[in-house]
């Protein structure tokens, strides 16, 4: 639903007549009794509970890649990887969300780091997960026994309840971005977790995963696997395809044909080839490429986005704040905060993930582009 | 997905070698630096964030109708109804969820009370809402200009973004149960709110709403309104139909035919006649009738249920706790806590609502019936 | 898709240069060789195979009820009902469709007649079927062991592959309209057929079928039967509900509210309560009521309609033809022929069925309302 | 639905008592009267109209490529391509279906032939169409202004109501297989047709169509085009991808992993990337590769298949008939006739299309694998 309403604040004060001291005493006594009985009046809290438009506690924040990678290396020196801790992953904790490590009320983002020869043991959980590879190579993620290579620019999926582990066979450490719906599962009390085998179930290091051999042929699917799967059966979206798709969109724009989402702005969405929909039920993944200097239209959206710069530089305006973004930097956009990107002089490539499928499936999605823009 | 897994606790301790004092100092310094940069290590928190099975903060709790109605009457003496406070509604606050008035992480339940001649002003919000009428009559809820009678046993819908107000034309006050997805919208930053007219847009008091005249004919729909609506267009599910459907199920059971969900246990689900699915995208509503002494099989379910006793009495076992339930009492079942009902000597009628559609639409639903039961 | 294109004829002649006698001989020889090899050139037949707009072989035709019922009675005197012949049904054969008894290329319509004490033996077939009761009562249709009463104005379903038989326990004969997708199944080579028991599986004569006790409560469904069924589980749509729904629409029109499909024109669609969609995958069923003198807008539609007058009288204009319609008369509208109804002085009630779901499911539906009307 | 029923013939004769001469005269008079009134009795025709299992009029038939290509060349000498005739296409006429050029009751198959420099003028029709390229190159099909190359092994789509023309820029003639749902549209009275421009709208000869640049990146879709399209937006499925997908399936089989549909039998289905479903609403397209000597399990299926051999040789058993198949040969399988393929000594590659989506969407699909096979 695109709305043109002006979401101006309402906050009409609830103006009951000023109570007399006796009345106030009665009221106090009533409220105290409610407290004892685990009840609360709506009339005193409705403005906070039901604002005119979303007023997220989460704030926009940028995490610098140089800091992230430095701390990840330091952790590698100090903390082993193994059962119980499970992963050497450092989560990005939204400053507005207090205690838990949530980059957004629904989403988790972390840098995971694996040194040469290390092995992150297998487990599975109902939480949906992906990995996006900013740089490096040499790690294979084994998903239900299928060894999936991780290389620069690749997106890997480990949808809910698939066993997965990682092992680094290279001589260099490797770091990547983990994205999950841990906060959503935690707040919704929907998460399950189970240990898998301690040891690798497959030590092979094939160039392509089996899932790619079955599912990474454009517009084609194996007749042996009909029907719709709730999560994508394709485990790896290799960078070469993403890059080619973006180049093609910009070439079409140059030739005067449709394809880009806006001037100088190419974007692809990773999809589930059995449905054409999002890769997982709770997480959308996209990749955006802006030409040098390209600017996107500000937009309000219900839901949260997280960007990571893959190449180049940009600035992002989120409400009244502006953040510079360079290689590897991560930034989040809270719900309903208007945002726009402006590419730096060499253009910018950004990976993006969001929780938008949740809202679309529940008929709660809404976007708003202010007039005159 | 029905699971037969034994959800025994795992909690393998993460047993890194005991650090030396120097190592500990390094670790402390690293964790401090992470804090400064809004980062947190996964390895120290994964057990809490990703338990083997849901470990809800919400607890099971019963609210006594006699207390609720007493406080509602007292509020009626002390607090007017009007713009700003909007509704004289007393919310049920789950004792495990701390501050906000959430009966569950996703659901809001409240007793609303309207004295003779009172008028709750119109507003609309993206939050989905319903009213269930335990007793009394004389209030009409006006939904987008359609006057809907409220009578004992009725379920009324005000799906997201429909203007609605209430007015009491009777000589007696009236109280009912309000259910909404306020907590879900609040935590997900997806809520919108807007004031409507101060004055009633329709003062008529018809026996049936216009929505019923269009949509409450079994298996029939108006040709003028084809297609699927995301929420039910039927504004009132009158008690006479609910009661008849339950009687019919029990009569079929008596005659040896299928229909009930278990021995002595009839149940209907309120549906959207344009889809056959749930009445609203985030809330399921059902009505259950148990014969005297009937017992239901314990079941674990992802998601939250709330019951209100309409007639008769029962006990409900939730995990290790047992609650007695009488006319009007409200009780909630937290996610994954096994629950079963046992009807009292005169049987029991219960209204029930839940957040199950959210989990089903996101492929996160799971139920588990322990073996041997 | 509503089209405003003018579907004027094209029929550009394919004007190859006039062949010389030698060329003609060569052409003749080539066409003869094609014939031998079971091939045919497109260029000589494309206009007939692919006209600008549908040019149905079926014609519009009206069958008089008085003739139908007279012949049915006569058949009752001369022909017994039993295994092999299966049903005393007299099919309406479209004059444009030559040999087979098709009222339309997809649809079958027949008058079935059962004398007191007669029993039409059980069978099942993949063809979808319904019965509409113009008048009389006293027959029960047993569908998979569920005895369903047949009374004036009722619609009964026997969706594909359900065993069904009929028996008349009254002292009067009874006749009704049978509708099936026999022609579609026959032309598509998709039909299966199987005999059932010779004798009645249920001789009871309940006031309501078991399917109604489970499914004929408005907006309510049994929790014991979740999910979507491809055909409606409701076996009988009783006249009292159809009549009430139509009355309500006209009352809403009188009060200035939406509900009717056009001025003085109320209409309901029979639906599958598990989906809100059509009752069966290939057949749509509706009931239309026009006030005295009401007229409908002419419309072209892909697909075929069949009407039977239930009460009152009307005229129907189909292309350039006009047919008078009285109680019990049946008329068909071929694909893309524009049609409109005009009610007689006492108004008219019409049952209607069509093959429209086939076209909608295959994205082949199209309607066109000529401009200026 | 997989059925294990034995579809043995029933054909119980309808044994009414032998009529007396007087009765016979009455019957004859009644049947004559029915004829006059365009009515027919069901009891005399039900066996033919509703057989136990489909008894198609269409027969299995093989068309030899050498004959087809010879006649196509001859037609090229004798018949020009142009407006009115539209295409130099020679349709394959099923010997069992009498007059019209139908390879099956629903499907059309033809060889189209275009000489160097020729131009088949643009038109559009609601009938869905594809081209499969057995050999050669040099033709571009322009679909709604997008120039799509045609090369050996490619599948091209022109879904209903897209303008399309062809032009040959090479120095050699080119022939290919056209597949459409003309018979279905004709019998169902659902077809529309419109001329397009006489002259090419795009004379460019790009290596890839614009549709491929947007949609032929595996698992990726342009963000600018969200939502589901009823037909695939991808205009060309290039041979290199089909070939690679089949090789990958056989390599997985060699390595002991799932992927093939049966031993030595790889197969892909061409899909609509916006849904994961079939490329068009009425037509399924697949490509099958059998290793030397591989044999498929006989299967009955509702619906029609057409195969064309791309490479290698095979025999196909259809019911009791066996056909040898070599390069370019076309063979059809009528509904419910059991069929199995056996690859020749060098294996076989086959293109296949069918009408199966029609039956699946209408809940009429059924397959049956005889026991003991």
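Each chain carries a letter (A, B, C and D) given by its place in the written order, and its residues are counted from 1.
We adopt the following convention: a contact is a pair of C-beta atoms (placed from the backbone, for glycine too) under 8 Å apart; a residue touches a chain by one contact, two chains touch by 3 or more.
Here the structure is a predicted model, which means the values were calculated and not measured.
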Chain whose average C-alpha position is farthest from subunit A's own: C
Distance between chain centroids, defined by C-alpha means - subunit A, subunit D (Å): 43
Please report how many Å separate the Cα centroid of subunit C from that of subunit D, as a whole number. 29
Dist(centroid_CA(subunit A), centroid_CA(subunit C)) in Å evaluates to 52
Using the touch rule from the top of the page, what residues of subunit C touch 2 or more other chains? none
Treating touching as the only link between chains, describe the layout with one word: line, ring, star, complete or other. ring
Per the touch rule above, subunit D residues touching subunit C in the complex are 5, 7, 10, 12-17, 23, 26-27, 30, 33-34, 37-46, 49-56, 58, 61, 63, 67-68, 71, 74-75, 78-80, 82-95, 100-101, 105-106, 110, 125-127, 160, 182, 185-195, 230-231, 281-282, 302-304, 334-336, 357-359, 361-364, 366
For the subunit B and subunit C complex, residues of the former touching the latter: 210, 213-224, 226, 228, 232, 234, 237, 241-242, 244-245, 248-249, 251-252, 257-261, 267-276, 286, 288
